[in-house]
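Please find one structure pasted underneath; my questions will follow.
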Amino acid sequence: MLKQIEGSHAVAEVVAKCRPNVISAYPITPQTHIVEDLASIVGNGELDAEYVNVESEFSAASVVLGASAAGARAYSATTSQGLLLMSEVIYCIAGMRLPIVFTIANRAISAPLSIWNDQQDSMALRDSGWIQLHAEDNQEAADLHIQAFKIAEETHLPVMVCMDGFILTHAFEPVDVPDQKQVDSFLPPFQPTNIVDPRWPRGIGLFADPRFYLETRYILHRAMEKSEKTIKKVSQDFAKTFGRDSGGFIKTYKLKKADVVIISMGSLVGTIKDLIDQLEDEGKKVGLLQICSYRPFPRKEVYNTLKNKMNIVVVEKSISLGRGGILASDVRWSFPRHEKKDRNISSFIAGLGGRNITKNDLRHMVEKVEKEPVELEFLGLKKELIAKKDL
Amino acid sequence: MMNQSAEELNKIEKKDLFGSGHRACGGCGQALAARLVQDASGENTIACVATGCLEVFSSPYPDPAWRVPFLHSLFENASAVASGVEAAYKALKKGPVNIIAQGGDGSTADIGFQSISGMFERGHNVLYVCYDNEAYMNTGVQRSSFTPLGARTTTTPTGNKTRKKNLPLIAADHGIPYVATATVDDFRDLQRKVKTALSIEGPKYIHILAPCPLGWGHPGELTVQVCRLAKDTGLFPIYEIIDGKLTNVRKIQTKVPVQEYLKLQGRFSHLFKKGGSPKVIAEIQEIANQNIERFNL
Amino acid sequence: MIEIRIHGRGGQGNVAAAELMSVAAFKDGKFSQAFPSFGAERVGAPVMAFVRIDDQKIRTREDVQNPDYLIVQDSNLIGSVPVLDGLKPDGLILVNSEKKPEELQLKTTAKVETIPATEIALEIIGRPIPNAIMIGAFCAITGLVSLDAVQEAIMAKFPGRVGENNVAALERAHEIIKKR
Amino acid sequence: MEKLPLGLVMELRNVVPYKTGSWRTLMPINVMHTPPCNHACPAGNDIRGFLRVLAESKDYEQAWHILTRTNPFPAVCGRVCPHPCEGGCNRRDFDEPLAINCAERAVGDFGLENNLQHKKLIDTRKEKVAVIGSGPAGLSCAFHLAKRGFQVKIYEANSEPGGMMRFGIPSYRQPNYILKQEIDNILRLGIELECNVKVGVNIPLDQLRNEYDAVFLGLGAQKGVSIDVPGKDAENVFTGVEFLKQINTGKWVDVGNDAVVIGGGNTAMDCARVAKRLGANVSIVYRRTRMEMPAITAEIDEAMEERIMFRYHTNPVKLIADEGRVVGLLCVQMELKEPDASGRARPVPIKGSEAFIPADTVIMATGQAVDYDGIEIQTVDRKWIYTNENLMTDMEGVFAGGDAVAGLETVSLAIGQGARAASAIEDYIEGNVESELAQPPVVFSRELNTYYYQPVKRYEKEARPIHMRLKGFKEIYPNLDRDDIFAEAGRCFSCGLCFDCGNCYMYCPDNAVKKSKTTGFYEFDYDFCKGCGLCAKECPCHYIQMTLEK
């Protein structure tokens, strides 16, 4: 049913319809509305689940780890420092192959403290063995959760659904929240394997000496790569059942004829699409490649779709300090070294710590790369605030 | 609450649910304690184990020593993981099952302190067992907040300057229904306490003194005797706190001076060498005396 | 696409106002988007909220730069906050004030309207929360969202007495403007 | 190759445990040790054995069979044995030694009351053995031989069997009917007994040597030896042996008002106490002090309780006779000088200290000797029969034991020697090179872990009140409460033998101690035992020992 609804609330409603058995979370802005809503959904009996109020994100992650290992469909939500505090558990969950789903309300990382949006937090855990799906808007954010549980449980890999903090979590916009029957028809009940159960004693979380560890990581890496199939399949099935596209590996917008291709992910693509239309009216051919699944990274798709594109600009809300654009380097790595040496792949860092990204900023970016490739630029950087020695 | 007969509680259990083939040192108090605990709890048990000596020597792939379901993830989160297991069993309407979170003193009182406090405060139906060997043994005997005054560890080479954190009382102050202390020498008492704890709904805490021959510097054959001296000197009081009330305090039959306990252990040997520290020994005796008075041992 | 920017202080229901207007627009069959520009600040601090209304799906996420409409829930903000920034020359600004528009001496070519929302709020709701009155006035002036839709939205968000009071306040504001 | 499972999750039921036995340098083994009580028992009784049975299964019958494996006289020894076993008991260093003697008596009495019978090990065999003398040594030897199937005949000089047990021990210590029943039980094994035959007088020893495959001499030392003082041949002067024999054969002796007993041994005590019961004021005259008295302490104490007067440092020099009857003794006071050959302080007379002691009866319990009448045999300084370590005398096929060999000793020693002689005789007849199997080491109290034992009060038998005792010859220790005896047996540490405390089983950190499905005993699983030694350390009774890897 289509509603004008806050993003967090939409996500909470949809997660509840996925019938998690155990929810555990610790409050942190801007994730709070999601877990508040879930708490009340459990509280008023609409969802038969255990909601565990813990004393830290670390414990929240640990509780869902334990719950999942005991056969529960388990869910949590966090962001920023919370996610970093969890990071030890995050790696552990992946290594133990527990199909847990998290919502990440993307937010900047201290210091300095910033409660506002960017994507450095989930980026920091991109190598943890979690599937990371990025939502463009609240409809997709909601839809991705339904898909996430299915993907996780089929691949035995945990999934983070990333949605930009405030920009999506706190935005009211129309969202079609599917009814319970639809969700049930798409998402079967959790059939756990490998759980702790006295009837079939199992050892979970054994330690591996050097004879075995390397192989366990190889297997996990391959599992991430292989999950591509499932992610695409689930997205297609979703489209069939619910009649709308969301998720998958990548999406494109006005790409075919584009001379300049913008690559980005998350809520920023909405603004970019508006810009693309404006520029089109002005006679400029600009297209968009949107990364939906950041991990596993859609290397082949990126290459195949952009084989013949010579001017590419990546704009992202995170940075590998001392290295530059993270998404940008993933994109650059997607093209074989040898061919098309003259292809330009520019890298822009934008919107860190909630800095507003306007169409004008993006327009400036496009105009710039039309002239020359940009190795790395912070979009909308106020040089006047920076001492000479710090430049 | 207490649904078991006294004789059931006092029965000794030997089921080898924490089986042979673990890699602990000879005479390991923790291995002994772990078996006594799992055997008392029985097959219908889920062990949530913190990283540490116990976990490392008992759970290597492909031949772990556990025969009950075993779940380990990290050093500091056994309590939270157990909370999750318990929540899952509630949510899935499964059980009843004995969920036992367990770990060494470091994972309990130091890095896992927040986690265990949370578990207590939330009232999960979980038993937490702390195997107290008074230092970080897994990593090579570094000081923990359970390391007693005067004890030498690799990070307190001249002897620990502080007194031991008193977790049982801290646990009791969470208002949980059952807290007990025990040692491996009195397996009857230890197993009775495990069974009693498991017969009570809510969070439970059992604190077991588990000597580490390597870290304490005594021959493995003395593990049991060292425990006895710890009790008879008054350095390790044995008691239960049920619903906040101190009960079943073990009386010392013949009080032993702390020297007898300290002398057996290499970690205290520096206190006796010439230029040793009678002052420290006196202070340790003072600690024992305070216990004797406080718990009326 | 219509863009609205709401200025106020924490606690005056700025975000709620944005939400209500967006929900009302949605009920009127339009596409709408509402989102706050939060600070870490607490009650009393200046805050902003944004509303977009359009006939097609709204994709952009940038803060509203050039609002067609400004709603200022607290006239004291004028001067302390650059409320007029980016306001379209032919736009409109609605200020919560007992003064007449010209007395505010705003440097803008845009149309200025005022309404003593706090007084009315105190009278009808019993608390100095002006948002319902401001919305009511805004509907009356612009007709951008229907009064019924706002009423529904309010009752949906605040069922019971709180809702009824706010609806009453809303209608009062609506009348006052219509009478002008 | 086993493939890595998803998330490295393992089915624990499929685990093949990792064998840690190879880590071991020392290995624990179960070793049955000799308890000090068994070790100290001259009769070689399995004391730990019968006590465990009483403690664990409360089974008097089995206890009786265990005791009578070595000693056919539990009821007698339970009364008269000075019980060196209790001296050895490791409980001595913990609280008080076990009242083993009482337990033995209780078992013996149970056997008699319930008419328990000895079982033969071998039914019959043709070889014949003659046993001369039916004292404890002779009967014990006969008993063990008969159990092994030999044809045994006992020749007894007296009219009744029992030797010193019969004629030397007053019935207030050991009632005659007890002895008789135990002897009858022995004879029921098919032993022939001929009384009133004095070998060497009525039958030459050589004849027996020809008729029998072997001969055992249990002559005893029944000849009283009196000190050589003037007047010693008066009619009212007895040797201790004569005196006791008369009483024990029911003859009345008029001891008059004052009886004086000379000597400090057990016989002296017996004589004094008998005389007391016959109505006399009795005094014991002894050259040295109580310290040097060879009698058993308990006997001395009881004599003192019974108001016997002890005159120490006193030595008779002359018996004063009047019309062939002694009326008193002239005694001289002695002082003790440096020890003599016997190790006891040497008494030397004090000049001018002579004093007169009136006496209606004088009893000289001053020594006993073997009666060699008609028997030519090699002796040790003309006193005791010489034997080699197999108890064989200088005569081929002739063995000997008891007081005649050991000198004045206890009933239990005689029983032990009789038993040893029996197996020596068996070896001799079968032509075996006798093979004494080495006894396992003895457990000392420092080797025990007494933490696991509780202090428990020792069982004390109740003597009848003195005035009742002195009324006659009734046994001074009435029957014992058998249930108390169970409790007393429960005090046994079971030194050197597992009593199923379960410590090793429960304490092994590696679960390397298993309970045998077949025997129910604990055994070590050397696949996993790391040899930490905890089991040995916590074994209360020193049954587990750490040894070098085999």
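As written, the chain order gives the labels A, B, C and D, with residue 1 at the start of each chain.
Criterion: contacts are C-beta pairs under 8 Å (C-beta built on N, C-alpha and C of every residue); 3 or more make two chains touch, one makes a residue touch a chain.
The structure presented is a predicted model; accordingly, all values stated were derived computationally and were not measured.
Taking the mean of all protein Cα atoms as the centre, the chain whose own Cα mean lies nearest is B. Greatest centre-to-centre distance from chain B is found for C, with centres as Cα means. We define each chain's centre as the mean of its Cα atoms; on that basis chain C and chain D are separated by 115 Å.
Chain centres here are Cα means. That of chain A falls 34 Å from that of chain C.
The centroid of the Cα atoms in chain A and the matching centroid in chain B are 43 Å apart. Chain A and chain D have Cα centroids separated by 93 Å. Residue positions 8, 10, 12-13, 15 of chain D are each in touch with at least two other chains. In chain A, the residues that touch at least two other chains are 96, 201-206, 208, 212. Looking at chain B, residues 60-62, 64, 66-70 sit in touch with two or more other chains. Looking at which chains touch one another, you get A-B, A-C, A-D, B-D.
Partner chain B is touched in their complex by these residues of chain A: 21-22, 24, 48-50, 52-56, 58-59, 62-72, 74, 88-89, 92, 96, 196-198, 201-209, 212. Of all residues in chain B, those touching chain D in their complex are 12, 14, 16, 18-29, 31-32, 35-36, 60-70, 184, 187, 213, 219-225, 228.
In the complex of the two chains, the chain D residues touching chain A come out as 4, 6-13, 15. Every residue of chain D that touches chain B in the complex is listed here, in rising order: 2, 8, 10, 12-13, 15-20, 23, 451, 502, 505-512, 525, 527-528, 530-534, 536-538.
Partner chain A is touched in their complex by these residues of chain B: 43-46, 48, 55-56, 59-62, 64, 66-74, 76-77, 79-92, 94, 97, 114-115, 117-118, 121-122.
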